[in-house]
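In the two complexes that follow, chain A is the common piece, with chain B as its partner first and chain C second.
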Partner chain A sequence: MSMTTSEITGKSMLQVLRGHGGVVALVAILLFNMAFTPNFFQLQTLFVNISQVATIAIVAMGMTLVIATGGIDLSVGAIMALAGALAPLIFLSEFGTAYPVLGVALAIALPLLVALACGLFNGIMVAKLNVQPIIATLILFISGRGVAQVLTNGNLQTFSNPQFSYLGTGKILGLPFQGWLAVAIAVVLYLVISRTTFGRYVLAIGGNERAARLSGGPVARVKIGVYMICGALAGLAGLIVVAINSASDAARNGSLMELDAIAAAVVGGALLQGGRAPIFGAILGAVIIQLVKYTLLANGVEDEVALIAKAGIILVAVYVQQARKE
Partner chain B sequence: MLNSDAFDLRKYMQRHPQSVAVWIALLALILFGVLRYDNFGGSYNFGSFLNYNSMFIVIALGMCFVIITGGIDLSVGSVAAFSSVIAAYLSPYGIEVALPLAVLVGMSFGAFNAFCIIALRIPPFIATLATMLGAKGAALVISGASTVAVDWGSNFTNMGMNKALGLFPWSIVLVTVVGIALWIVLEMTSLGRTILAIGGGEDASKLMGLKVNRAKAFVYIISGGCAGLAGVILASGFGAGQPLEGVAWELSAIAAVVVGGTLLTGGLGSIPATVAGALLLGLVFNILNFENGRGTISFSAYWQMVIRGMFLFAVILFQTRMTKGQKSKGASA
Partner chain C sequence: MTVLLEMNAIQKAFNGVPALAGASVEIERGEVHALIGQNGAGKSTMIKVLTGVYRRDDGQISFNGQDSVLTNPREAQAAGIATIYQELTLVPLRSVTENVMMGYEPKRFGAFIDWSAAHARTREILTRFGIDIDVKMPLGTYSTAIQQLVAIARAVSLDAKLVIMDEPTSSLDTSEVKTLFGVVRSLRDAGVSVLYVSHFLDELFEICDRVTTMRDGKTVGCVKLAETTKLDLIAGMLGRASSDIAAAGMTEFGGGAAKKGEILLEAKDVATGPRLSKFDMSLHRGEIVGLGGLLGAGRTEAARALFGVDALRSGSITLKGAAAPSQPADAISAGLGYLTEDRKAEGIIPDMSVRENLTLALLPRMTKGGQIDRAREREIVQHYIDALDIKTADMEQPIRELSGGNQQKVLLARWLAIEPDILILDEPTRGVDIGAKREIQLIIRDYVDRGYSVVLISSEFEELVEGADRIVVLNEGRCVTELTNPGITEHKLVQALAHTNEAIV
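Our next item is the complex of A and B:
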């Protein structure tokens, strides 16, 4: 079979996209905004976008680790809702109002523990019971948000609690606190992946699970660990969203976040078959996803059409990544 | 390639041990309901139960085909919502126009899924997730994000509101016909054999010269068509196209298929057991509603999601134990 020239140029264009697709997309979006979006280069715009990017990026980094093992976690949005529903319940309770400092500390620690436990559940289902990740995480995807709504009776919980809200509204050196948090998490995860045996096993499992198991690796433990990290990060993101809004809405918190996170991870260079964990890529992916959302919104595109655009981005990103393996 | 064993009851029971358990559970629950509640066996509950659940049964049928090939279709809920809007717009022309066109619309979403999965090699859950978003967005765009009233003057609402023999809603009659047709396809045709073979091992099926891509395209198009039909039933039964409906329908369908004993890893599945699984899930909620009515328990709507998730969990646990037993014994089969 001979190749025509158009096929060859098509192939090499695909290769360029594969290597630097994220950066190319980012530059394109920025150029578009410079030309068409009013008031794009203002501090206010930057703050709004950083605080939104941070939550997507934090979840996407956990998702990247899960995807690196060849898995997927659909329950992140539900875990966000659950953690986000628990926090106000704790610091608004009698105990929480009697001991405000301890109340806020518990309102952060307990939801994170619950999120960690959700990740443990997912991990055991996948690693010990050998249930496919999509189905295993579907259980919490369904019931996690249900539990959050049962706990709050489906009500919107509003509050005024400056200490807790620092998670979402605080600033360090003039930039949003959660932006710094996301960067710190990225650095830690990057070191974990590149410098520890745990990290090496994460990549090995995704590369070839059988080989990793036959060479005596703690495959089940590493997989469970990855889902726990993903769960805890989703819980943290849920707390941040609640802190930003000074309100917790179990029906909306983290809704469709699994899609944003998967899209960000894939745009950032994660392979769905596993074996790669581009942590900083996940942040780049999150920035792109958020900028696309912002661009559509700022230019008056309806939410419904934005959904279709997001679907298109996911398909293109996965297609471009997918061809890499062949 | 006719397979005469397919409808032999004893062989069927041997091949699908879990489905026997599902049928027994179903009968036990019906008996429980009839004995415990006054109106449970009445024609009103009977009719509305079947009418409402016909949507979930038909979606589960399509999902069953997809899962047998080892795939998944997460787009069914949004596709049903989109089709319900299309059906509502077409309702003035009567059911004979609205039904086939809305099903065709569902099938074209299925064809898009098939294209992404087969030609672009995008994993099924990503492709159908994207279609889920796209179809939802499209449904909101064409409906202006609100329900679309159907034309009550035409015969469109007959299907969801009237009953055959005064007992069986037309929707369930139609779904039964679809179910029997799909059962025949799966058990008695070479296409059905290919679908089962793909789930057993896609590469091996290709090497054996089976038309794998054609069969895969078929299952996703059928799943889309089933979702389209569910959309028509939705619009017809509630008198409106519902762009916001369909949320978490894919989960109900997957749960029904799994309850029916179809292996999530593909390669094994049964149409009647899937129907039984869908009925069992529906019946659990029907009975919970009756309990709510008696005031013994009070479950908010939010509990439904929790219970659905726990149900899926229980079934998966059950299935992992079953398959462990089967693997050791059925490796040669």
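Our next item is the complex of A and C:
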């Protein structure tokens, strides 16, 4: 009996490790940095990382919801570019300069509405026209950034607008505003997933769509809903990036963000076939990806090599998931 | 006869919970050996230990005169053990030939598949089984029954010494079962042994030589079928005296007792497609109406039409005097419930808990402003776990970890919880053990006694004949006749089917 007990303990230790692979990875990265990266434990480092990780985390949370229904959204990077291009156009316009407060408010609200509409488009393609998510979102992936560049004539728009820039440079209790925003969004989404009918249906659809439909689940509405949330969050991230830089570059804003977001969601424990929505996992995944990027950069490794490292992380995350399933 | 397989005192535990506790089975060469037991008795675990899917904790296995140390299914296949699982493991989009030959394709120059040889060999194998189909067509274009026979053909073509069949007839109709039995007999004549797992006891008497009964992970007996009775087998599985069961009747149903109320549901000349072309029925309050017919007769299609899953091409359905709903969500709010036939594909959400699965249809009614009333949810779930005696560690256990019978009870509870006026049950007791089956039948009868109505689809004539107040008989998508209890016998039902379908007599 005593032997079986120790066996069980040994097994569950392994399971705990597997269940928290993300945490283990995070600790490993931190330890590595403590040993090798100069000036790692400084407030400045923390600020830089929080302000950069927030955008990945915000997009990754939306992506996690979409993935939880068994879908995927490739258009998030393009939506970021679109929302980011619109904002300066609005507050730099004649109207925006005449009524600065209203201008900034509109420069936040209108791009978010456009992002929401992009999500609606994706959702309708997927849920009503039954287009495969990867194809449906490819449409805006291609055209969204194009529209953004047409709107700005392909130019870099620089500006100086402290009110708008608060989104990306503001601080609350000494920590970056967007970090708090990401945490607030996470708490809200966590409650949505665990406490509401909408959240339950998201997981049910990802777990077994036919069963969810036959049990009366509003499958189309819920799917459209997740794509809209994902679109809106991508739009918000696009605004934050523009606010950080005090400049909007439609060609680069959100570029390759879809891959970062998917990677963060998967590292955080989302299953690509759907049925799971680890919201805080997405944040953890985003933090890991950001830290790996930072670590490599800080140690003089080139960007291209960093991409390969990112691929390695995804590989390990998927492997751990597969092992856990058995 | 010599012994082909001997499994002795097998032990296997999962996370400290024993699934097998000293189970044994012995199969002779050229014998068709039945393995029976309730769900959770350990039949599947036993098979998986044999085929190397699980590693045994203790005990001996000797196969073909050697100690067996199989560690994966591939080795089992190489050793001559072929398994046909309940869930088909084929590729529906590829051709029949590719499915039969997969991994063993005849090659030309050692690299290119010799397609003409492959097609010819496949055709030859299938002809031996009495199946005459175009082997170049994708497998998925054929019925589940044909697909199953193809799976068996594939297994047998790999020179198996032992073929394991897990519920092989659960999706076959009468004539296909006959074909299958022909195959089993020819295997036996060729000296191949068959381990036959089935819930249909009548079949065993027809096809098997000996039967091993399991209960709670142990072997409780092994007898020749010629020397036992159905009642004794049931008693062995349940661990009860056979005289108790005889007194109680074989099923827990008693049809024909219903007091009819007003008409709730009426279908007239309903057609939804080629598989349902003319369906008529009426349903009164407090009544069980059975849908009888063979596989492919249109019973499930009729249920889907009533529940608003499939759109009507012609005809009409009236529900409580109003037009019928056109999608499941509306059907549910109009007072319908539909327990689907395919538990895995259309019923359970495997990774969700018992609690979440049970309340899925009830969600809209447990919500305040979009937020789930979690206290009430737990209360309702606990009520049904107790009332239906669902065996689960707790309500947070993922449903996939439950046995088939308990999964079915959770799904039944999903629908009972919304208290539909009309509950459509498609094969509610398929693939569940005898104990759970009796309980489910009691639950259904009790529900009707409380003034609700049930549409019952069952391939088990016994269940239909004893349970239904009336039986609407379908054949090839059309209603052919209606029988009324009391007075329906299995013989009459078979006659009604035979009347328009000479093939099955």
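One rule holds for everything that comes next: the second predicted complex is superposed on the first by the 303 of 326 C-alpha atoms of A that agree within 3 Å, B and C clash if a C-alpha of one lies under 4 Å from a C-alpha of the other, contacts with A are read in each partner's own complex, and residues count from 1 in each chain.
One rule holds in what follows: a residue touches a chain if its C-beta (ideal position, glycine included) is under 8 Å from a C-beta of that chain, and two chains touch if they have at least 3 such contacts.
If you're wondering where the values come from, they're calculated on a predicted model, not measured in any experiment.
Trainee: Assess the superposed three-chain arrangement around chain A: do chain B and chain C clash, or do they fit?
Mentor: Pair status: clash.
Trainee: Could you tell me if A:Arg276 is touching chain B, chain C, both of them or neither one (first, second, both, neither)?
Mentor: The second partner, chain C, only.
Trainee: Spot which of chain B and chain C makes contact with more residues of chain A, would you?
Mentor: B
Trainee: If you stack the two complexes on chain A, which partner ends up touching A:Thr197: first (chain B), second (chain C), both, or neither?
Mentor: After superposing on A, A:Thr197 lies in contact with chain C but is clear of chain B.
Trainee: Counting only touches as set out at the top, which of chain B and chain C does A:Ala211 meet: first, second, both, neither?
Mentor: In the superposition, A:Ala211 touches chain C alone.
Trainee: Along chain C, where are the residues that touch chain A in the complex?
Mentor: 15-16, 307, 309, 328-329, 331-333, 338, 340, 345-352, 356, 360-361, 363-364, 367, 370-372, 374, 414
Trainee: Can you check the complex and tell me which residues of chain A touch chain C?
Mentor: It is residues 4, 8, 11, 195-198, 200-201, 203-204, 207-208, 210-218, 275-276 of chain A that touch chain C.
Trainee: Contact residues on chain B for chain A in the complex?
Mentor: 72, 116, 120-123, 125-127, 129-134, 136-138, 140-141, 145, 248, 251, 254, 258, 264-265, 300-310, 312-313, 316-317, 320
Trainee: Under the stated contact criterion, what part of chain A meets chain B in this complex?
Mentor: 72, 125, 129-132, 134-136, 138-147, 149-150, 153-154, 256, 259, 262, 272, 302-308, 310-312, 314-315, 318-319, 322-323, 326
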